[in-house]
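The data blocks that follow each hold one structure.
First subunit A sits with subunit B, and in the next complex the same chain sits with subunit C.
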Partner chain A sequence: MKNRLKVLRAERDWSQADLADRLEVSRQTINALETGKYDPSLPLAFKIARLFGQSIETIFQDEA
Partner chain B sequence: MGQAQTPAARRYLARFFPAMIAYVAVLFASIWALRHLDPQGPLLWLVAVAPAVPIMAAIAAMGLYMVEETDEFLRAVLAQSMLWGIGITMALCTVWGFLENAGLLPHPPLYLIFPLFCFSFGVAQPFIARRYR
Partner chain C sequence: MTVASKFPKFLSNPKFRAMALLTVAGGIVGYGSGSLIGKLEKAGAMRVEGLGWSDLLSGLIAMMLIAMGTLVLVASLSRKTALRVLDPGNGRDATPAQASYYRQQGLVALLAGVMLAAPVLANSVFDPLPFELGAAVMAGIVALFLVQTVGNLILWQRSDELVRQVMSETGAVSFWLLQGALFLWAAGEKLNLLPALSLWDAVAVLMASYLLISTLVSARRGLGG
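Let's turn to the complex of A and B:
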């Protein structure tokens, strides 16, 4: 699923490791999310949305 | 699991490696006892089965890691790798079984199935992880 994680992260000047720490996940998870090849669980998607102060729909784009 | 490790992965390694060291120790002790002490009856059963106990502990450590890992992506990679490991192990055992049935291959000891699983699970892991890069 396409998402704006990389852009949102760059806007805040965070590294993948910074974002991983804030979300309490591994750096590999951030990488897999940013490539769009791994879709997060609902709890993790909500956590991401809360961290960036945006809705899930504005961060993740359903291509269907 | 070669990267920076999660607490659950560290706990897994702290359980798995002592179990494997215990396995080597118990295995040699068991082989020695079978050869030199000539145990009989229930004692023979105990001495013979002893090396399986640390292996079961190692299997339990793998299961616990799956339960304790809080990182959902790492858990997903692990689950898929384990499924590949199980699939490869079952496929090879089935092929071997039919070839053995026709007298083409000898009967292997069943305790080799666990190392076969560990090997195929380990080989599958980097391939599964690469899919997400």
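Let's turn to the complex of A and C:
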């Protein structure tokens, strides 16, 4: 699954650690999400969507 | 040209520096424990010759766990060094909660190493092992096992979803692979085609496989990136 997390984070000038603090996960989780190695759970995806004020499907796109 | 620019760029990379530190630490621990075991054996305080392959394998894993656990524990005592060593990509000091989480991880690994080393060490130092001493070592292992189990459960609770995912996948892959291997070996043994394994042999293989699978799953999921 592709996502725009890195772009959205860069637009706000946040580091991975800043975003991790806001989402209450580890920095490594943010890195794994941005590199596409890990897809978030639904609760975390909702949390990300709420934080950036966008819908889940504008942040995460199915590659199929 | 500045002095710093004469050095290759990778030397200033925090991940490279952390890896170099861990490599040096591994070398020191490996050399130190190897020479200590050699000296103890020469002095007649320990018997290494005659140890089975599973004793050597579990001894090696135990040493790795003890060294890793001690390193994590020591690094986590300072909020400044904790993230620089354990999460070099972070670039800032650990929060008190992060330092305490790492401390707990270090302690759990250290306890696992001590529990794995204890039966091998007891048999190497005392030959034959007196019943009373064996029972005392066993009681200590059971007590440590209880503490470590509680520690592992608390770690699960404190971990975020990526770590939990890695733990779950490691457990599932390990079970699937090892139950298959165990069944095939047991069938071969029953049919007099393969030599008999002791439970300690099985534990050594299980621990080695679990650690290897855990490393592969962590790398695949980006844990440690």
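In this section, the second predicted complex is superposed on the first by the 64 of 64 C-alpha atoms of A that agree within 3 Å, B and C clash if a C-alpha of one lies under 4 Å from a C-alpha of the other, contacts with A are read in each partner's own complex, and residues count from 1 in each chain.
As a convention for this text, a residue touches a chain if its C-beta (ideal position, glycine included) is under 8 Å from a C-beta of that chain, and two chains touch if they have at least 3 such contacts.
As the structure is a computational prediction, the values presented were derived from the model and not from experiment.
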Inset, instruction - Classify the contacts of A:Ser15 with the two partner chains as first (subunit B alone), second (subunit C alone), both, or neither. - result: second
Inset, instruction - Return first, second, both or neither, reflecting whether A:Leu44 touches subunit B, subunit C, both chains, or no partner chain. - result: both
Inset, instruction - May I ask you to decide whether A:Asn31 touches subunit B, subunit C, both, or neither, giving the answer as first, second, both or neither? - result: both
Legend entry - On subunit A, positions contacted by subunit B and by subunit C: 24-29, 31-32, 35, 37-38, 40-41, 44
Legend entry - Interface residues, subunit A side, partner subunit B - complex: 24-29, 31-33, 35, 37-38, 40-41, 44
Legend entry - Of subunit C, residues touching subunit A in the complex: 87, 89-92, 160-163, 165, 220-225
Legend entry - subunit B to subunit A touching residues, read off their complex: 3-4, 6, 70-74, 76, 129, 131-133
Inset, instruction - Give every residue of subunit A touching subunit C within the complex, in rising order. - result: 15-17, 24-29, 31-32, 35, 37-38, 40-41, 44
